[in-house]
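Just below is one structure, and these are the notes that go with it.
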Amino acid sequence: QAKKTIKAVMHSGLRITDPIITTAYIARNHGYMIYDVLFAYDEKFEVKPQMAKEWSVSDDKLTYTFTLRDGLKFHDGTPVTSDDCIASIQRWAKRDGMGQKLADFTKEWVKVDDKTFKLVLKEPYGLVMTSLGKPSGNTPFIMPKRMADTPADKNVPEEIGSGPFKFVKEEFQPGLKVVYEKNTDYVPRSEPVSYMAGGKLAKVDRVEWINIPDYQTAINALINGEIDYIEQPPHDFLPIIKKNKDITLTEYDKLGLSGMLRMNWTLPPFDNVKVRQAVMLAVNQQDYLDAQIGDPDYYQLCPAYFICGSPNATDAGFPKPDLEKAKALLKEGGYDGKPIVIMQPTDLAIVAPLAPVTAQALRKIGMNVDLQSMDWQTLVGRRAKQDPVAQGGWNIFHTTWVNVDMINPIANIGMNAKGKVGGWFGWPDVPEIEKLRDAYARELDPAKQKQIAADVQKLAFELGMYYPTGMYRSPIASKGLTGIVHGAAPVFWNIEKK
Amino acid sequence: MGRFLAGRILATIPVLVVVATVVFLLLRLAPGDPAAILAGDAASPEQIAAIRARLGLDEPPLTQFLEWIGRLLRGDLGTSIISNQPVTKLIGERIEPTLALATTTILFAIAVAVPLGVVAAWRHGSWIDRAVMAFSVIGFSIPIFVLGYLLIFGFAMELRWLPVQGYTSIREGFLPFITRLVLPTLTLSVIYIALIARITRASVLETLGEDYVRTARAKGVGERSVLSRHALRNAAVPIVSVIGIGIALLISGVVVTESVFNLPGLGRLTVDAVLARDYPVIQGVTLLFAFLYVLINLGIDVAYTLLDPRIRY
Amino acid sequence: MSAPVLDIRNLAVALPRGGERPNAVEGINITVRPREIVCVVGESGSGKSVTAFTTMGLLPPVLKPVAGEILLQGEDTLTASKARLRELRGSRMAMIFQEPMTALNPVMPVGDQIAEALDWHDTKLSRAERSARVLALMDDVRLPRPAEMAKAYPHQLSGGQRQRVMIAMALANEPALIIADEPTTALDVTTQAQILKLMRELQARHDSGILFITHDFGVVAEIADRVVVMRRGKLVEEGTADEVLNHPRDPYTRMLIDAVPSAVPPPARPIPDKAPLVTTRDVEKVYGGGVLGGRTVKALDKVSISLRPGETLGIVGESGSGKSTLARCIARFVDPTAGEIRLGDEEIGQKPQRALHPIRRRIQVIFQDPYRSLNPRRTVGQSIIEGPMNYGTSRAEAWERARDLLKLVDMEPAGLDRYPHEFSGGQRQRIAIARALAMQPEVLIADEAVSALDVSVQKQVLELLEDIREKLGLAMLFITHDLRVAARICDSVVVMLNGKVVEAGPSGEVFGNPQHDYTKALFAAAPGHGRFDKAPRAPAAG
Amino acid sequence: MSATGASDAALPPPPARRRLPRALTNPSVIVGLVVLGIVLVAALAAPLLWTVDPTFLRPRFRLRPPSDVAWLGTDQFGRDVYSRVIYGAQISLFVGFAVATIAVIIGTLIGVVAGYFRMLDMIVMRVMDGIMAIPAILLAIAMVTLSGAGIVTVIVAIVIPEIPRVARLVRSVVLTVREEPYVEAAIGVGTPLPKVLWRHVLPNTIAPLIVQATYICGAAILTEAILSFLGAGIPTETPSWGNIMAEGRQSFQIAPWVILFPGLCVAATVLAINIMGDGLRDTLDPRLARRLGNVG
């Protein structure tokens, strides 16, 4: 019988195979192919065991005990042990934001036996399971200890996991093609698939990720049956795809993505809160989404920093566009007419449209804008600079995120308010917000957590931490496939090919 | 001749040194940081700095340069920062499609353009001449991706004769290999056909006025032979120059075609590497290009001597 | 008498509008019979080549035959189809062109070029037969070592050898008619004599008729059975060689014949006894070698000459003997390998190119190949005024001088605005002379400067040069292979062979009493030896 | 008045000027000139011809087909394609001409030097080989940091890799021309070397250079598009035919008008330049006349 192969075009080519060293989403997707996780979210955003058979927490909320399922094996044949899990999580905790927070509260990880291990906290922490079940950004994937012992700032040298697919090293061509084969030794859970949780059944023999840089070609290839799956066809192509009856569009990720406008708090004029507030009032999600997505079926205005549709969603403090007030604030803020450098990454189709919209909005309230086009790498290099604009600094950049990474004040990197040291690009330095985030982390009661999140949001909108430019969803286009999982990432278990 | 060849091949060494240095300098001038792309969007500046240190990117440029040169002398082009793969392996994987496309394109372009140019020159001023000239001018001005999409639309989507995209190695059989190259070759060759046809027409037009052409006619030689053996042979030097320039252009300049038809070639590797600031890959690829160009130009110069016995080195 | 191979009847060919006359030729009647050589003579631009090309069906598209017929063994070539014409060309009629330099395909071995003439008319030949035929043909035309030579490219052959290849090509299919358009003009006398002899011989063997275009009356006297004289597109006289040469009826013919210089030098002129203007001592020139190695040619071997103001020194010798090389060394187009060259008191042989600017004005060269020495993209006027303007003459003045000079060389000043390709060979040569004179040089080097001219113009030019020499005290280095011309104009002569001077002395002595064997052989080879010598030097009454 | 007039009349007008009007009677030159003229006028008069500000975004009206409001439709930001194309003419023509001119001038200089001075040939041509190897995008990205994204940067980045190609072409012509007797003749009448090169050697390169220059001009306009697309081109705020097409490439199938109109403009311009170039060459090069006359 012929091998069943899915040929998929992902949103970018896989080049870095270590999903811990990088936050690149393609590496995360790769991670879900070959690695497995201890816990995963189900469709109600509840954390469910995956590799773990069961877990328990002590009454003082300080000790978490985890037991592994039977029959878990890495692709090289060795069984998965507690050592592997501890090493993997510790490596992850060095890179991921929430992992770091967890590490701050962690006293130690203790191996009980090959299948059982314990996490001992210094003090109670509300996000232990949320962190361990984290479906995106850096996901705590479990790899063999020898790989997990690689320093966290160095690429792992191998691609060995315990997930439902195996990496075919000989056929890997970075940036071009990745090949996965069904892991026949994989023991899936018996529960049905639910979001990222449940039984991961590989129903095809082989998955090939092919990087077709030209979407026009990718779609033609899909129509012609040369490929089966496109992860993120640009929205402008959806009308063409819809005309084709045998192509299905699957909105697998209800939370979707959203864009972010980030100002540089360390340089004038955005070191002044009034000027930031003016910007928050000048811009308008509708324009961004129209320019970026266009089709209202796929976008959503969302006043929540922590994402509409997530437990923390609220509209607290969301600025209503008000040009007059913005102009007034600008004056009060003492804006001196110096050009504002907005960086536009023209090689990144989904981010590129944001900057011109911002530029036009700022011009409307009388700001002087210098819109500079560059490639994404230049932007990435330049946004790290804290120097004045004249020496290569910047004022505004935009980027986009997968919303599942934004759903609470800890995970949401835009809420990092640690300032120039330990903060994220733009470097807002707001101790109150950091205090609130800390409180959120310690809070064990979901209802109270929600309240703290709302407080964070209110304050953050007021100070202009960043402007969310609106939510949008990117459907998967596929032909002849069924069972595409609705989850936080495009995963290939459960998919059947006719 | 032997000495000439040896001299020219030796001359590649300074070229490579110059290219290596210039590219290295350019890379340090260009902003961007491979460590940042490795770390991803959500990484903090501190994490990026750690990766930089790990990669040795925070050492003084001179040290890095010397280190790289040192490894180069040992025949080691280094390892990609991003994908962790040896540069030689990356190049090895990508060179075949590019060479294949370049070869088919050049062969096809020559096969079409030279006869067109000759006929246009022969029938100077006639409708054939005008048609050839019009075609070659239009060939100059259609953006290559538009042509690519149109061909895909026609041959792959409507007629379904050919696949839309992809590349199959020649090792897997000639037929699958060539069917996937037909459309890219057609797309890419239009501009070369235009260029070569024009040069051929111009050169042949000039040689047709030479005395030896008249001599050939006085001998009663047939027109076809007058055109090919006398006029074209003597017009060959500029035509070969242009073909050589064309090959050089092809090898680096096929990014768009490679993207449109999803061919895993060197053009895309270069652009990817530049956009990701994957220093070792960029450096390796440019060195390879420089070496190829020297070889191509050497080939052209040798071709001159074969085509025109008066030229000697 | 047998039927003519070629019978041109009342031919007229129209010139494009705006030409100097409505028809290039009109009312032309020429008959060539088997085993007969008919020479066509006439001034430059008189339509000799046009007649030949019309016969071959090789006219450029701008020229159109408008009347008459051309019968090749009874078949009209004017009305023949293109395919038929192609069949006829090469097989029944063949042509030998004036310039062996450019008439052969430079990138094809000469053997193949000869073979090609066979291929197109005798397709049944096997490879071996074919190459045997080629070698036989090459042997026929006395090319040395045919087997080797067949693989050589034209640039590896001497001018005479190339011309022989052309002849072999023309003879390949034993054509009934051979048209030769000035086939020996570019060749030295010895080679010329061999070629003429060869043509006569071969023609006798193949029963061909030859239409021979030339302006050299020596050649005419040597080979012609019958002579046709043309002028301004019309036929002025026709008759047997004896009739035309010895009893010309038409005044124009008489004028032409009178213009033929005598091979006996006139009595020596008094030369003012001044210090020599140009002297060379032991000049050597080796071509080739250098960084890349390769074959070397010693083109000059210890050549010493001297030239006084007002004196004309002739250099004669066979092709490749180093005449042009010597001229080029003196004019410093090439750097002599060794030896000394002085201009006045100044040593110029070793000066770097940068320092030569002042000297260039004083030494001028008239080149061997007039067409290629004029930039095809510049008008004649531009070419002439270039030099004077380089030395500070105003544009207006330079133009004025150019007009005068053009008149001086017997051309319309309006020609200044035309391009070189719009002139005939002779006219181009005159332009080149005008260009050199425009510089008002002290030393004039004329490298085959009058070889391409018809006798009447040649005479004018020679007189012109003499006149200038007289007036300006010009020193002239006169390179020629035409011994008559040398005798006519040179005060003293140097004979060169293989890069060496084998004999030197006043013209009277050298011509009257040649010492060296080679010099003797050279004089013996001069065409029309002994003819025209006693012809009166004064123009006949018209 | 009459006295000076008379002496002036005695001088024939300089030949180059005499030939130009003759070139103007060549129909292809006229057609080319007219088309180019229209494009140039459109470029220069752009502000008068706009219907709206070419940079004004109206995201709600994105990708609208041509209508009486937006004559040539709108792009993905709802900007008016017509106004952008008109405005883009300035930039694109400038880039095209500037690149072609600079590449031809510098390339010719280098080619002549390499072809005429054999000592330098080896070195110069190897340096050229090296320059060709440097990817244009890398150059552009590095240039952008040095001098900021902008037209000058783009022009320099496109010009540099073109120079070796021109140089090679010119060199090959010079190698053959330098042996021509008329070059020697010019030296013989004391023409200084620079003038020899200028008058006698360079004109022979014109025919192939016209072909090459028109090619470069068209290619530059398109290369600029690719650079824009990769973030190293002219900022997208400043519309050029290249970056309009680059932005519109994504929506090629649903909104073909976005690239169709700038594409047509590029094609028409390149076509006009080519036709004109060929026509000019045919009339200005007296050697072509030689093909028509071969006797003697």
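By letter and in written order, the chains are A, B, C and D; residue numbering begins at 1 in each of them.
As a working rule, a residue touches a chain if its C-beta (ideal position, glycine included) is under 8 Å from a C-beta of that chain, and two chains touch if they have at least 3 such contacts.
Small disclaimer: the values here were computed from a predicted structure and weren't measured.
Visitor: From the centre of chain A, which chain's CA centre is farthest?
Guide: Measuring from the centre of chain A, the most distant chain centre belongs to C.
Visitor: Comparing the two chain pairs, does A-D have more C-beta contacts than A-B, or is it the other way round?
Guide: If we tally the C-beta pairs in contact for A-B and A-D, the bigger total goes to A-B.
Visitor: Can you tell me which chain is nearest the middle of the complex, judged by mean CA position?
Guide: B
Visitor: On a C-alpha centroid basis, what's the spacing between chain A and chain C, in Å?
Guide: Taking the average C-alpha coordinate of chain A and of chain C, the gap between them is 88 Å.
Visitor: Could you tell me the distance, in whole angstrom, between the mean C-alpha positions of chain A and chain B?
Guide: 40
Visitor: Measure off the straight-line distance from the CA centroid of chain A to the CA centroid of chain D, and report it in whole Å.
Guide: The separation of the two C-alpha centroids amounts to 47 Å.
Visitor: Calculate how many whole Å lie between the centre of chain B and the centre of chain D, each centre taken as the average of the chain's C-alpha atoms.
Guide: 22
Visitor: Where does chain C touch two or more other chains at once, residue-wise?
Guide: In chain C, no residue touches at least two other chains, as defined above.
Visitor: Do you know which chain D residues sit against two or more other chains?
Guide: Residue numbers touching two or more other chains: 141, 145, 230, 249, 252-253, 287, 290, 294.
Visitor: Show the residues in chain B shared as contacts by 2 or more other chains, in ascending order.
Guide: Touching at least two other chains: 30-32, 145, 149, 211, 214, 275.
Visitor: Tell me, which pairs of chains are in touch?
Guide: Result of the pairwise touch check is A-B, A-D, B-C, B-D, C-D.
Visitor: Which of the residues in chain D end up touching chain C in this complex?
Guide: Of all residues in chain D, those touching chain C are 7, 10-12, 15, 18, 180-182, 184-192, 195, 199-200, 203-204, 285-287, 289-290, 292-296.
Visitor: Can you list the chain B residues touching chain C in their complex?
Guide: 3-4, 210-212, 214-222, 225, 229-230, 233-234, 236, 307-310, 312-313
Visitor: Can you check the complex and tell me which residues of chain D touch chain A?
Guide: 56-57, 59-60, 62-63, 76-78, 141, 144-145, 148-149, 228-237, 249-255
Visitor: Touching residues of chain A toward chain D in the complex: what are they?
Guide: Listed in rising order, the residues are 215-216, 234, 236-237, 239-240, 286-291, 294, 344-347, 349, 352-353, 356-357, 359-360, 371-376, 378.
Visitor: List the residues on chain D that touch chain B in their complex, please.
Guide: 122, 125-127, 129-130, 132-135, 137-139, 141-142, 145-146, 165, 168-169, 172-173, 176, 207-208, 211, 214-215, 218-219, 222, 225-226, 230, 245, 249, 252-253, 259, 263, 266-271, 274-275, 278, 287-288, 290-291, 294
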